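So, here's a batch of structures to check.
Across the two complexes that follow, chain A remains constant while its partner is chain B and subsequently chain C.
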Partner chain A sequence: MKLLDTLRQLTRGAGNQRWGAHSLLILAPIGDGAREDLLGELARCEHDSPLAGLAEVHFARWVVIDQLKTGFADAPKRPSRLDRPYLLFSADYTPAPGDGTLLERLAEVGAAVWNHCDGFPPDGPARVDYLAAHRCDTTLYYAGYPDATPARVKTAVARRDALTRFVLDHRDERDAATLQRAYLKEAARWF
Partner chain B sequence: MGLCGVSALKQPVPDDPGDVPLPRAIPMTVFSQLRPWRTWLQEWFLRFSRLSASAGIRELSFIHFVRFAIVRRLPDGRRLRHPILLFESNYNGSFENYIDTFSESVPKHMKLFWGTSYGFPGPLPCTPFKRYIDANEFKIDHYYRAYPDASVTMIVSALALDEPHERFYRHAEQLTPDEFRRAYDAFLTDHQGQL
Partner chain C sequence: MVLELADIQGNILRGYSFPRAIHLFVAFPDADAGRRLLRALVPQVQTAARWDERPETALNVALTYAGLRLLGADDECLPGALREPIAQRAPTRLGDDLRTWRGELGRGKAHALVLLAGDGWAFAQRLRTLRTLLDEHGVEVGFEQRTEALADQREHFGFADGFGQPAVEGTDHRRAGQGEPEEYGSWRDIKAGEFVHGYEDEDAQTETAPLLRNGSFMVYRKLEQDVERFRSYLDREADHYCATVGVNHGTDPDTAHAYARELVAAKLIGRWRDGVAVELAPERDPAEAHALRHESVGEPDNDFRYADDRDGRRCPVGAHVRRANPRDSARATAQTRRHRIIRRGMPYEEGDARGLVFICFNASFERQFETVQRLWCDDGNAFGLGRDQDVLFASGAGSGKLTIPGEPPHFARAERGLVTTRGCEYLLMPGLRALRALAEGGER
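On to the complex of A and B.
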């Protein structure tokens, strides 16, 4: 068992990153009586997500976990139970060089949500410590495009779409000089 | 553990044309409870299968990001009777097609991912497995997508095209019109799979 513990220590946290892509998981208890207000706050986020301010985040979610599920065949006879609801947060992100710590900005932009978690400090660096203390490691992580930041993804997709439209719009253009002028004029806006 | 014979890109079967178009990224969050005397096996399989599992998932080409996490003790210190396995995915297509494609394309991976979870019926046939996932799936209360309209295939193609396209653009200014025409046609031919 000592060998297993040593191996576990050596590989701990290694699943949180896949090349340039990072996985963040936070599991925090919801404060007593705060569940309904929290759901209200999350509903308000649908119109204006606070996570849009995190430029390195591809996808992120908040999930209220009221209780672990047992409504299936061969469920454990004595299942794990939560003694209170929990808030799960997860994010897939690819930071650019120079980006600050995601947790610092997440504590700030998500404060209106985190405030419903039991023990979340009212202000200051302790908020970041709270989020860090409630992190869970990812064991296996897959990223479809691990080294591209969200900005690079958006730019590349926009350029591809623009080139596709250009090719279709000029597919009947026979004059090489006209085609070249049109391409250079359009592409100057893409690059 | 090798690939399960998947040699071609796998995409979920498109829905009927009359269906409402789906957003390009759909979230899934599933918790299952692990049989405790096999948790160590599950954990080490997940830790050491990162390379082979990634290759198998990449073949499916409709998954943006996916994670598995084993939680033995809650971060606030509360211990769990059974460790829990968290599975989260961001994928294109519908739930039905997602599970169908996963089950049929990489059944060995599915057995190894969920084989130690209570109630796992096996990946095939698909219907009991879909019921199992549905029974353990949690509603997402807030989901943020940085690029809601881009599928995995669109993104991977666009990223592969971007640098060659910029090189072509930078060079295009220096060409005569006839040279440009030939280079333009060759560029489109070489990169037609990414357009």
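On to the complex of A and C.
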């Protein structure tokens, strides 16, 4: 816990929100001997991610941190060592209207992963408290589309693909009026 | 900063430019036999030390993860990319379809790769000696590959290839345009640690392990090229180009078509077939079109940047060379210097099949080669191009189009199957000391 306290102190006052972009960072110690199983669980997630169904999440990941990097230029003279591996979770998201918070949903869909963390409660609302207690301020993060919900981004991508198809299908059309009619007909479906 | 050239294997920092090579992927019967073979090979390994007279042949050795394990290497320092069986990694990280792989390449059986380069009688002679040596050690060749340079430095699609390389700090054969672009038109050499372990890299890190010191990670990919398909693809795109954009030189239709073909090819690759950069010469004389395919300009000018050509009116943003080395292009590529690779590929020909044995060296598979392949060539998002892909690597995951900006723009169709992966291997080409330690290691 000392690490978390230090982090909180360092980042106090820094926000987890810039415009519409929110950020969530959770750092939890991995249970004794649980690292290998956890890696196995994460490998499974690569094919079938429990996070895929979270409508508000743009980008999220879990990372196992075995040890802090040392020996780089300007590294602290007395490098900190981790006494155990940690599981980092980071996400950027746009809060969805409706019931429940992201933390609540995460505690449910991510339980099979956080189960490998030290002290993660077996069930119940205590899990949400656990995640909240292990949350850190993010301070520096990147959001590709701070003002758009993931759903809007997906729609935009689908329209871009449709436009691309239209362009390729009509690239031999020489007559401007015909092309315009085809475009208006096609575009009517997009909006 | 001084490079320990005598401890670094040859062909990494400076290309040999031998006309011929053979690559033998071998399996050791057991660790002792492997070590004995290495002991016999180490004194023969060509290093990067300067030569007064060019040797007639050159031999080099690289090891797979399986080989390093068998030899009892301390493998703590090896990255996941090397540990993971390549047949497992390639589908997820490189988008490979294993059904297109052929033979034993990448099937996890090889322990080492012995490379021999040269020409003529000396090459044939040394290859015989090498095969005898392998036999004597009970070492089996599981997969072998011959490569042969084409005239005028060409690859099979007809482009001059191989001169777009990073300028590496501590070497003396760099040219303007190959390093990192700096102010006032100057270029700075890329730190050697980006390619050879044990030297400072672009992140000011030098830390390394004895096994890696003076070694480099090697990517080996056999890429078959469908030359006929490329030719007919260019013909179709040239038809379309002539009909829409047009070649406005008052040229006769045949010349116009021949020129449009060359122009489209150049815009999609980023170099004309003779090697001249499209960024430097966005137009050529249509009458020259045929000549471009046969003439050679030796060492084409590399001294160009893209920052003044944001929209790609000169060189399209999605052109192969602009993706593979975006230089000073803005957007997600501000860190180009951390994603450079040294390419040492060579063409091959086997019956009707032709292609490129793509070989590259880097200090990190993930950060360098895989980033260039996956994020920059197989996708366009990093450049604001959506799902547009590199013309060479079009797949079902792409948008199906390529854009040549202009008035009007030319929307080319993406053609799948121009380049097909036939196999892949990740290796370590160790420094000489490390190789010797492996050869001696565990010896009772």
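The criterion applied here is as follows: the second predicted complex is superposed on the first by the 144 of 191 C-alpha atoms of A that agree within 3 Å, B and C clash if a C-alpha of one lies under 4 Å from a C-alpha of the other, contacts with A are read in each partner's own complex, and residues count from 1 in each chain.
By our rule, a contact is a pair of C-beta atoms (placed from the backbone, for glycine too) under 8 Å apart; a residue touches a chain by one contact, two chains touch by 3 or more.
Source: prediction; values computed, not measured.
In the superposed model, A:Glu46 lies in contact with both chain B and chain C. Touch counts on chain A: comparing chain C and chain B, the chain ahead is B.
Shared-chain residue A:Arg35: touches no atom of chain B or chain C. Shared-chain residue A:Arg165: touches chain C; no touch with chain B. In the superposed model, A:Pro79 makes contact with chain B only, not with chain C.
Contacts of A:Val153 after superposition on the shared chain: chain B is touched, whereas chain C is not. Comparing the two interfaces of chain A, the one with chain B and the one with chain C have residues 46, 71-74, 157, 160, 164, 167 in common.
Those residues of chain C that touch chain A in the complex are listed here as 92, 203-205, 207, 240, 243-244, 386-387, 399-401, 411, 413. Within the complex formed with chain A, the chain B residues making contact are 25, 27, 29, 31, 33, 40, 43-44, 46-47, 49-50, 53-54, 57-58, 63-71, 74-76, 78, 80-84, 86, 88, 90, 118-119, 121, 131-132, 135-136, 138-147, 150, 152, 154-159, 161-162, 165-166, 169-170, 172-173, 175, 177-178, 180-181, 184, 188, 194-195. Chain contact summary for the complex, chain A toward chain B: residues 4, 7-8, 11, 14-15, 18, 21, 23, 25-29, 39, 42-43, 45-46, 49, 51-52, 57-65, 68-69, 71-76, 78-83, 86, 88, 90, 92, 113, 118, 133-145, 148, 150, 152-157, 159-160, 163-164, 167, 175-177, 179-180, 183-184, 187, 190-191. Chain A contributes residues 46, 71-74, 157, 160-161, 164-165, 167-168, 171-172, 174 to its touches with chain C in the complex.
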